[in-house]
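Report on one structure; see the data block that follows.
By written order: A, B, C and D. Residues from 1 in each chain.
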Amino acid sequence: MVIIMKLDASESDVEKVKAKIAQKGCHPYLVYGTQKLAVGVTGPTTQLDEEEFLIMDSVQEVLRVSKKFKLVSREVKSEDTIIDINGEKIGGKHLTVIAGPCSIESRQQLFDIAGPLKEMGLKFFRAGAYKPRTSPYAFQGLKEKGLELLSEIKKELGLMVITEAKDTETLDAVAEVSDIIQIGARNMQNFSLLEKAGRLKNPILLKRGLAASIEDLLMSAEYIVSQGNFNVILCERGIRTFETYTRNTLDLNAVPVIKKHSHLPIFVDPSHGIGIWDKVPAMAMGAVACGADGVMIEVHNKPDEALSDGYQSLTPKNFEKMLHKLEQLAPIVDKELDLCK
Amino acid sequence: MVIIMKLDASESDVEKVKAKIAQKGCHPYLVYGTQKLAVGVTGPTTQLDEEEFLIMDSVQEVLRVSKKFKLVSREVKSEDTIIDINGEKIGGKHLTVIAGPCSIESRQQLFDIAGPLKEMGLKFFRAGAYKPRTSPYAFQGLKEKGLELLSEIKKELGLMVITEAKDTETLDAVAEVSDIIQIGARNMQNFSLLEKAGRLKNPILLKRGLAASIEDLLMSAEYIVSQGNFNVILCERGIRTFETYTRNTLDLNAVPVIKKHSHLPIFVDPSHGIGIWDKVPAMAMGAVACGADGVMIEVHNKPDEALSDGYQSLTPKNFEKMLHKLEQLAPIVDKELDLCK
Amino acid sequence: MVIIMKLDASESDVEKVKAKIAQKGCHPYLVYGTQKLAVGVTGPTTQLDEEEFLIMDSVQEVLRVSKKFKLVSREVKSEDTIIDINGEKIGGKHLTVIAGPCSIESRQQLFDIAGPLKEMGLKFFRAGAYKPRTSPYAFQGLKEKGLELLSEIKKELGLMVITEAKDTETLDAVAEVSDIIQIGARNMQNFSLLEKAGRLKNPILLKRGLAASIEDLLMSAEYIVSQGNFNVILCERGIRTFETYTRNTLDLNAVPVIKKHSHLPIFVDPSHGIGIWDKVPAMAMGAVACGADGVMIEVHNKPDEALSDGYQSLTPKNFEKMLHKLEQLAPIVDKELDLCK
Amino acid sequence: MVIIMKLDASESDVEKVKAKIAQKGCHPYLVYGTQKLAVGVTGPTTQLDEEEFLIMDSVQEVLRVSKKFKLVSREVKSEDTIIDINGEKIGGKHLTVIAGPCSIESRQQLFDIAGPLKEMGLKFFRAGAYKPRTSPYAFQGLKEKGLELLSEIKKELGLMVITEAKDTETLDAVAEVSDIIQIGARNMQNFSLLEKAGRLKNPILLKRGLAASIEDLLMSAEYIVSQGNFNVILCERGIRTFETYTRNTLDLNAVPVIKKHSHLPIFVDPSHGIGIWDKVPAMAMGAVACGADGVMIEVHNKPDEALSDGYQSLTPKNFEKMLHKLEQLAPIVDKELDLCK
């Protein structure tokens, strides 16, 4: 259930609504639109009666939410969520491009990649410090040392950074450095991690799991949002199908579907999605043409020597070519790609 | 195995090469590039010795094809296949838009839809006369009557038409009317139909099956091509996955992957692929941005009353909006959308 | 809609019911149970009124069928269909084991395999004369010659045979030899073939397609049954999933689900299903324990030299071991495995 | 790499082998068979030379492990792992049946279900205290209170218990009560949880994820084993496919495939797998017939009122019927079902 407040509702009006909700054993959540305020209600809402709220002067409308996901739904908030990170906007008209290597391997490697990306005008840099790997014997990331190197990148190059939090134990350390915290596909239903992330202020980029339906993804976002953190970016990164010519099946259908059902921004990671570097630019273009709010691309200066995922990484030079194409594409789909120039 | 002939090879040179191939129990196929001629070889090629051909004066190069598909492979022919239909080109730099209703329902309906499409500058019109349906009790199409109506469309509006051949029995009748013959997803591995289509001259649009891998699709194209009909257009139209928010999972990854492995044009059918009309334009844009050579779109003047697939059909008005967007997008991906204007 | 006739309804009573149905533009089908007769109705049944039938003295009950499939549904016929082939029963309490090679390769090969199977007491022998193959260059079967060899097997060994009909063109020739006609997975939605098979008397073994849902399979069976041929055996043979350690994912869940929804017998083909010979016996045991009415097993005397599917074929010796296990298992699941002994 | 020690190798011989391995930067793991001891080696094994070990008197054989998973592989240990829990054996000839409700709802409910199961002779009781749920608004379990109730069950009824650990935070509390700790499908690649579980002594039942390949499952088991805890039970519980008539697609193919590749016991959970109570017995029978070492079944005294998964729960009475069938089936597949009688 969502209660839409009138434009002139006062703070004490809102408190009265919240009190009435709590009285019935339900939970109120404030959802801020650009003009109006909505009060989302979760819990045993069948016990609530619309009439009880409609008779209040400050209430404009009461809606039942038909989907299992509530706070992340367009029914609760019809306008796009726009996330502000140090003045940089994500969502709405803004097209965001994030790039960087899969893993942080060394100071040298990190700066060799970040430098050219900064020069191209990029604002967000990705690189993994903690790497969840299928094999216990594979490179697991530089961990704390990696986070320190990311701090240096931030300080010296002025880039904002995104890196993955792979467990609750290291989430706080990641939160201290990261402008955006990534929660990976394999952790999409690690509910303890989601809940803890929901109590942070950092924007969270939540990747879709390999077998997660779009509804599952939105439910996982709901876990974060219901803890109070509305700054969630969804990210499509490929699902598992029978096809073996690609690493995963990047499901671009998810983009317009999510746009319809949710107000949250939706990004696409074509690097993991298709998993073959020379086809990444085509899929990045496809993602933006489908309406994605951003793309996240793996870039490595020496893909052949990368400690992880080299096969799906673009060189800075190939990345730059793609970036120019994306710049041309953006206005056709009513987006702007703001580069620092 | 492929034998690349020298530029100045004469017809009799080619005959000699073909004879040597046949002598060893293999089959020669001529594959025409824009300049050079290649002789593809299928059959027990392990019994052939490269040297035997290389010593012939007219032979420039001998290549082993590593993939299971041969004649449709880029290894055999590196240049894009461009299909010429009455002067209209498909493939290469050309972006083709095909539109029309799922089924032919009546003369009135057909002209009410085809008329506006013709005015928008479209050259190809789709509409089903024979409809393969999951249920034996569902509308199966107007059949011969439908083909007659398509003939009228051709004659009166000057549109080229594409319609589906659902079995070998009706293939010849379809071939008489159709500028392009569609072979549907459920028939992608109806090998008898493929072989018979391979003995026709009409271009064939071959749709990917619901569980067909990209390799399977290319092998099915190989069935057609190996019978002598090189005019094959591949068409991605969605695969089956666990996702239930979309009708199928349109697999746009197939576009750059097929472009890499095959010289044949690849189209996308977003209407069946995602299956929800208001998300079709996003996926059509995505398809073209990924590099598709064409899109095929379901358009109906009264989607609510359509006898089949109304839920995924655009109105002519919504289709026109999308068409303008595609026109803007084409040059960014080095394509031209030629409309009759 | 199904109209259940009273026990003492006469032929002319039934004719009256059929006439009333036809009058409303619908189609009547007689469905014989062990005692009662039902009249299934397909077509625009919403125009029928239950009352019109209930007032007839000979009518006991009128039911609306809730599923899309009608005549194959348990709602229409609650008892198991038992198919009688020359006195041999399929379905109900009967457990059937069919075995033989994937392809007919030669007279020698066929008799070398069929001989030992006959001695083990088997009654049904499988072997492919027409082979639908993914590649146009792969062995396509001995065709007519294969059918002749099957006739010899029937005559000389007294085995009943099952072989695949791959298209409408060769269906009649196959029907002349086959005690059971197989329609393969790739043809499960070749509706023209299904319809033609529905006009034959031969029992049809219909394999589930790689991406076919259980509902799709039942709808395809409905195509056959609605043409008048009620002797349909369904066959689960593996679906396509992301798993690569097995050839397909044999979906044994289909067995109890189909038993619930349909009265038709359900067989399992573990050879194609899991695709690895040494795991076939485990899956055959699993199939029978899940309630399957039969299993179809690939057996080859020289698996290493088989022209197709050798990797999934058991030797006669390994097959015999499995057969003994199945014999022990049958009574636990209330089945009997009748061998000719 | 695996180094097989001779039968008469002394402890100091083993220490020498371990030292040599460590010297090269690799990690030695002791793998105990019933007679022989093997030393598994992980890490940069390409730097190791077989000869260096073969010249040692105490070493019988040196093998390279071809799979990505090492310690869980049959190449490292050819005999079945048999886990001993308070004298009760799991794996090998032993067939284990675990039953109980999805969630602990109350003391009354727990004893009402556990009582009859104890009387039937069951030794292991399952019930969830911490419930990972797709929706943040769904019942999340009684948590600590649930663990206390499980302790009472253990004390009063003498049943051994299995319950799920959903995160690293509550793992220790779960470990204190649980005879077997379950790690759920959604946590199968929660590597931090796996590693922590690997440092416990409790047997771990590791469920296959919805999109996890068999190889992924074995790699996740490797995470646990490589931390020193060899007591891992694998559990197939259904994968995600396109089929909608079942909750998941229980993949019984995994049973013989895992038996081939790994020495660990493999259980099956048909309740989650097929997800429809009246089809659970068929799938449990199928699982055992395929070679499973155990089944885990959801039982509820009032399925209609269950707080979770009631639709897939058997009543005690229906469970008992199935149990008798399983008892009859076990000896046919060379297993024994030991009930306390």
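Everything below uses one rule, namely that contacts are C-beta pairs under 8 Å (C-beta built on N, C-alpha and C of every residue); 3 or more make two chains touch, one makes a residue touch a chain.
Nothing here was measured: the structure is a model prediction, and the numbers come from that model.
Comparing mean CA positions across the assembly, the chain most remote from chain B is D. Between A-C and C-D, more C-beta contact pairs join the chains of C-D. A straight line joining the Cα centres of chain C and chain D is 37 Å long. Each chain gets a centre from the mean of its Cα atoms; for chain A and chain C, those two points are 50 Å apart. The set of chain D residues that touch two or more partner chains comprises 211, 239-242, 244. Contact residues of chain D toward chain A in the complex are 42-43, 68, 70, 132-137, 166-169, 186-187, 189-193, 195, 209-211, 216, 219, 222-223, 226, 239-240. Taken in their complex, chain B has these residues touching chain D: 240-242, 244. Partner chain A is touched in their complex by these residues of chain B: 211, 213-215, 239, 241-246, 249-253, 255-257, 259-261, 273-274, 276, 278-279, 282-283, 285-291, 325, 328-329, 332-333.
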